[in-house]
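Take a look at the structures below.
Here come two complexes built around chain A, the first alongside chain B, the second alongside chain C.
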Partner chain A sequence: MDGEGQTKKFMFVNRKVPYGTVYALESLEVVLISAAFDQDVSLAFVDDGVYQLKDGQSTDGIGMKNFSPTYKALGDYDINKLYVEKESLEERGLSVDDLMELTYEDEDDDWAEKSSIILVSRDELAEVMDQQDVVISS
Partner chain B sequence: MAMLHIVNKSVFERGTLDSCLKTSLSGSSILFIEDAVVSAVNNTSVSDKIKSELSSKNFYVLTPDLNARGFTDADLIEGIKGVDYDGFVDLVTDNSNVQSWL
Partner chain C sequence: MKFTILINEGPYQHQASDSAYQFAKAAIAKGHEIFRVFFYNDAVNNATRLAIPPQDDRNITVQWAELAEQNKIDMVVCIAAAQRRGMLDDDEKDRQGKDASNIHPAFRISGLGQLVEGGIQSDRLITFGD
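Coming up: the complex of A and B.
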């Protein structure tokens, strides 16, 4: 293998409610694996995908593992751009306050704790999406 | 005959609930399970549509599925009842027939 590889922008788009299907968990696991490759990774939560970040998930009653805490670990893996679409929240009667608090420590700013969630409009998300080298949608 | 209609996909993802509402008779019961439970939460873009059916049909949500997604019975559209798995069984036995919509 010669020299350093090129860094690419990877975006993982999430559009499904968690637990009813396995898409949310599978996508999150791929994201964690991608962290090992030092690429420019971001996530987008659109349509029903916003429910993946909903706080207060309690899964004992359905006998499945609550994997929502895993989103909180993303910051430690340098994955700190989680785009959440405004219109998707509004259609569902939700606001950013209904979501989990996801943060990272900015090494360029004295390790200040900042929010990883970036609230964007549909139009803004379209622009960001268009800039990506690789988009994986689930 | 009172049919129990079971819907398991989110109203925002699939037209199942719309088809179900259009093809269910007055007096029938509609149960939301799995991802469909988010359809029954209050203040969404579809809440008014569901509210307009409350007077003619009985609506239920499987509470464990609701809790898994971060909601409680208190978040439901008023008039929709949460049931647990035992309640799910009761609904099946109390109704004449069951349709689990794809």
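Coming up: the complex of A and C.
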């Protein structure tokens, strides 16, 4: 396909709650496709977007598909940089312990299982964002 | 500079598509290239050829179609988002056994890979949406 051989830094920024609008679900669909392009892909979770990673989601009462297990598959797609903004968690009374356990196997470290979640401050995330070639936000 | 434009909102309800159109027109006037316009989320509805806006209002689909024709812009509607929302071209209509299609011929249906490729191939990818 066109663009093969080129590697860019892609960051998908998630700002919205997982249910209520379709943005979170359809953003995740782009993330999964991007894995096929051998790009340097990361995700950021800010504002209400941190709720997308909340552990123990249940959609039984709202007639929507619970797509949160898909985040657990990202490690298998070599997508293992999930930046979560500390301030956004705190503003919502959450901590990293309230989030799903999301891991990947590090091939450079004898396939040791490691967490994909990187807790960053607002300032640190701004720096990481600044290093990206493509930022897709929803 | 080479741009890919991503639009995430439906027509008329939201100004994203209008703003993207104004941006594309201005960029072209300044000698830049629009590599691709990608319609995602509810923005797939921008591609309907069946909309009938009032006569004193703009027709967003026709505006895009004319700009694309004049400047050879590749306008892509996401197939996954389009199928969910009942946006079909003739091929999809036949493949899915539906009784009608509604996508304007200036647009083509393709996959999300076209968005990622747009990001790789272009100098800038610009999002219009909430």
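General observations
By our rule, the second predicted complex is superposed on the first by the 134 of 138 C-alpha atoms of A that agree within 3 Å, B and C clash if a C-alpha of one lies under 4 Å from a C-alpha of the other, contacts with A are read in each partner's own complex, and residues count from 1 in each chain.
Keep this in mind: a residue touches a chain if its C-beta (ideal position, glycine included) is under 8 Å from a C-beta of that chain, and two chains touch if they have at least 3 such contacts.
Remember, predicted model here, so these are calculated numbers, not experimental data.
After alignment on the shared chain A, the placement of chain B and chain C results in a side-by-side fit free of clashes. In the overlay built on the shared chain, the residue A:134 is in contact with chain C alone; chain B does not reach it. When the two structures are aligned on the shared chain, A:121 is found in touch with neither chain B nor chain C. By the touch criterion stated above, A:95 is placed in contact with neither chain B nor chain C. In the superposed model, A:17 makes contact with chain B only, not with chain C.
After superposing the two complexes on their shared chain, the closest approach between C-alpha atoms of chain B and chain C is 11 Å. Contacts of chain A with chain B, set against its contacts with chain C after fitting on chain A, share not one residue. Chain B contributes residues 8-10, 12-13, 34-36, 38, 41-45, 47, 63-65, 67-72, 84 to its touches with chain A in the complex.
Per the touch definition, chain A reaches chain B in the complex via residues 15-21, 47-48, 51, 54-59, 61-62, 64, 66, 68, 91-93, 98. Against chain A, in their complex, chain C makes its touches with residues 6, 8, 40-41, 80-81, 111-113, 115-117, 119-121, 125, 127, 129-130. By the touch rule above, chain A contacts chain C in their complex via residues 1-3, 6, 8, 10, 22-23, 26, 29-30, 33-34, 36-37, 39, 133-134, 136-138.
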